[in-house]
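In the two assemblies presented below, chain A is common to both, partnered first by chain B and then by chain C.
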Partner chain A sequence: MSLRLVRIDDRLIHGQVIAVWLRALGAQRIVIVDDNTARDEFLREVLTLASPPGVPVEVLGVNEGALRCIELAAAPEPVMVLARTPRTVLALRQAGVPIEVVDLGGLGAGPGRKRLHKTISVSPDELRELRELEELGTRVEVQIVADDRPIPFRSIDRG
Partner chain B sequence: MRSFRIVLTGHGTLPGSLLGTTEMICGPVADMSAVGLAGGETPDHFADELRAAIGHDGRRVLVLCDLLGGTPFNVASAIARRSPRVICVSGMNLAMSVEAALADGDLDDLMVDRLLEAGRSGIVETERHRARRVS
Partner chain C sequence: MVRKSAAVGGLLLPLIVLTMLAPSVVFGASGGVSAPAEANVTVSAWQAALIAIGYYLANSCWLFGVAYFTLYRPLVAGFIVGCILGDPAQGTLVGAAINVPYLGFISAGGNLPVDPSLPGWIGTTIALAGHLSPASAVALAVPIGLLGTVLFYGRMAVDPIFAHWADARAEKGDIRGVAFMNVVPPQIFLFVISFVPVFFLALNGPSAVQDALNQLPFWVTNGLQIAGFILPAIGIALTMRFIFRGAVIPYFFVGFILWTLMNNPATGSDDSRVMITIAVLGLALASLHLTFAGARPTAAAVPEAARPATPALAEGGVRLTRGDILKSWALWTFFSQANYNYERLQGTGFAHAMTPIIKRLYTTPEEIRAALRRHLVFFNTEPNFGNVVQGAVIAMEEQRANGAPIDDDAINSVKSGLMGPMAGIGDSISQGTITPILLALGIGIAGATASVDIGSGSAAIPTLAAGASGNPIGAIVYAILISAAIISIGYVAWTQGYARGRGFVTDLLRSGAIDRVLVGAGVLGNMVLGALAGRFVVIYLAPTVNVAGASLNLQAGLLDPIFTGLLPLSIVLLTWWLLRRVSPLWLVIGYLAFSIFAAYPFFGPGQPANPASPQDQYQACTSSLLHPYYPCGAPPAAPSPSAAPSAAPSPSAAP
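For the complex of A and B:
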């Protein structure tokens, strides 16, 4: 068994987007893996408030998150895993979390960041990390909302 | 004199527009500002902006939010829970922002009741509203 989908989105949980994704995945649980967020009690509260009623949110650092994801990947319950950065997902993968697909859902623009697709911009480091994920056998795709057709990372990564 | 500051917050350009429209009705309003959540903005960045608008001078602040359960409201209510001088109200509309802009006095329970009433009392369907008025 492996996690069906891990989504990278620098906004993590935001309104309707996540509600639609949860329905598409049939997920009843959200696991956020991010070291900074796990340490920030304020942000943890905001993200918990943002999840739909009845959907528990777990906010974990990378080490704890990897253990939890391995456990959840082996269980039948579908779960939505959210991360802020490619680095976190690579760390999960390297820690042995089986991940079938990584979805790039939102990565903001900024200085030194290259635009890959509409709302997806990456730094040179992030580009390397995404390529490494693909080498490890995890598919990387861009799919901003659940109704979009997924775009393979390879088709928009032109060096 | 109104003793408290007002911050309008919500999604996109709504808070800024509501501020402009409130001033169209009331004239220039002192101590009222607007903070909109931009598309793609992260919640922690938005929280920094909202905290700056709320200020750090110890004055009481009324934060009006556009949508219960939206990110601006979630951030504002998390701030209010940690800071008793901040009151967070959702469902803001023009009636509520005008009432707040023209308010006199302190941000006490009575004031909050008045603002909620101002926001709610203008939500009617004309036929039912008329029936209630003539009966």
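For the complex of A and C:
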């Protein structure tokens, strides 16, 4: 299983991801799947340049992202996949990307969003999408950084 | 969450048990209980109050953004506690020792793995007042750090309330009200939750801990000492996750070997000079490495014309003055994390920093309300390098106020799109590279090798050898260098972000300048870290075995002739490897348990029956698996009536 981490995080690449996760996993490639980000040339370039030397970053839309993830999952190189929303991960899963566990790493608070755990809040839609992922057999776990113990989504999703 | 709380609770338990062993002291009613034999445990109420204020300041917003890089670190906290308690040198020494396990500490995105600041302030207080060795203080500091994490998470959970109060002020268009809510209520709350527990811990902790230690068997306190020399491996290994990579790896070994060559524990060499020498060599090698090995090749520069030019502002519009920009920067530098919380993280801090900009650019209540609302949302970046985001946003607000077609979405997408990547780079630079390297240097200058005497006869607590003393210069040099570095990075990022907008980000990243800085820092950092590993990770095998009729001390007879630093270096590398599989918290617990186990006197009496007899001392020294004080040396000559006692090597003088 070379998709070492599939993470939902609305900030995509940031301190926790670069400074903690990347070191802990020893991932050698980062794939960012997000339609809006893939369309924005500036953000694409910033994200590509924001990783440490030797760790290439690919920014792809959902369709190309799904194909690429399936391809990378079969290769030995350890890869980290980042998505901004549960919907993207659900789409990847439905497109056949083998995702055993998805890490819920960061979803900011806002109007109409319910706080699940520390820095993680979800909208009703996202809650539904996360439950759907679980029904498809993908475990959803909250684990903000690698040193945390993963918390099953089921144990904090109280209706 | 439940498992983590359980782990926290499990580690807090020993601390609670320790305090319960001396309930009368904890509750301040000292009458009736006789003071311990070493009655030098005195922290006055005034001193405790100063220490508690110091701890609050370390977590507060009043030090121009550098509290987290200075007072928060045990090295600096130890120096100040030392000043308060009247022994700055010893305070710095203890602070330096406590700091090593926290060398690789990083807090990103509102996540605090451990808290170094409470161990720094309280651990040094307990060690100084109770005359504990720095190594014991290291082990005792671990449970204290977990209490500090509880305080941090309490604050993160309560502070969203104040963000909502700020929302209410924003709806009224009350600029000063938003600024007030970002600072005053959360800081009052923080003061209460930090001052009260720390005051009582500082006042009563030292005697409680000392009483508890007096009741522990001698070998358990030995085990704490051993742990104090093994736990630093965790801090060093955590730092290695950042800089022990790629082409710069050999420099770590160079630093380690230089240290073992230049340091002679028998003569007590001048540690500060050794560390400075290694650091200067590191700088020279970094320069050579960059010249001849080079960093990642720089991407091709984009021709000037291809870059989208910043639209010129219309004549006669509202302009920001240089004063507005600087005022905004100062507000951010002070107060970005004054109301740090789980819901918005730096959200209210961002709005607070925007207040001078909003005041200048917008006049109608409707515009002001909208601008405040726009900037009160979730925001989080690294508050120094990440300042390019604010700079760029300020430029966008200025263009918008002058009629440029920039809507809320455009501003939000720059904020939310840039804050993450800038935090990733910023954390790697400030927390991941500059801080540990400068800390390692400061700790190296500050701390003499902690060697301890076996203690005379009945004294249960070993005391520091007379020669070991700290050097406060280490703490001062560190605090000055890190403050200068952090403030300069923040200033340049802010002003360049404003002047050149988003283009600055891509230009800087493309230029490869950051990579060069990180590679150079990696060379220097590995040298200093290697030396630090040599100094703070100390393990001596105790047992003596009989081989062909002669007794052979495993350390003196077997390991030392090969390579003195073999065991410490192995444990550092093992820890580095283990960290990919085990969380640091479990490593700490495991190492503590192992150290106490290894101190059990399996092979003979744990304390010399007659402390004056070399034979008895040697027997006590070799009675356990590991020994914290010194290598036990070669076995003394067999006791015979004719052998003069002076001819036998004394363990305390053995190298």
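Structural remarks
Keep in mind that, in the parts below, the second predicted complex is superposed on the first by the 153 of 159 C-alpha atoms of A that agree within 3 Å, B and C clash if a C-alpha of one lies under 4 Å from a C-alpha of the other, contacts with A are read in each partner's own complex, and residues count from 1 in each chain.
We adopt the following convention: a contact is a pair of C-beta atoms (placed from the backbone, for glycine too) under 8 Å apart; a residue touches a chain by one contact, two chains touch by 3 or more.
What you see is a predicted model; the values in this text were computed from it and never measured.
Once the complexes are laid over each other on chain A, chain B and chain C cannot both fit and instead clash. In the superposed model, A:154 lies in contact with neither chain B nor chain C. In the superposed three-chain model, the partner touching more residues of chain A is C, compared with the other of chain B and chain C. Within the superposed three-chain model, A:19 lies in touch with chain C and out of touch with chain B [touch as defined at top]. Using the contact criterion defined above for the overlaid structures, shared-chain residue A:39 touches neither chain B nor chain C, since it reaches no partner.
Contacts of A:10 after superposition: both chain B and chain C are touched.
In the superposed model, A:49 lies in contact with both chain B and chain C.
Put simply, chain A uses residues 10-12, 14-15, 40, 42-43, 45-47, 49-50, 106, 108, 119 to touch chain B in one complex and chain C in the other. By the touch rule above, chain B contacts chain A in their complex via residues 40-44, 47, 69-71, 74-75, 77-78, 81-82.
Those residues of chain C that touch chain A in the shared complex are 1, 3-4, 106, 108-111, 113, 156, 160, 241-242, 246, 295-296, 299, 342-345, 377-378, 380-382, 413, 416-428, 431-432, 502, 505-506, 509-510, 515, 518, 579-580, 583-585. The part of chain A that touches chain B in the complex is made up of residues 10-12, 14-15, 40, 42-43, 45-47, 49-50, 106, 108, 119. On the side of chain A, the complex with chain C involves touching residues 9-20, 23-24, 26, 37, 40, 42-43, 45-47, 49-54, 106, 108-110, 115, 117-119, 121, 144-145, 147-149, 151, 156.
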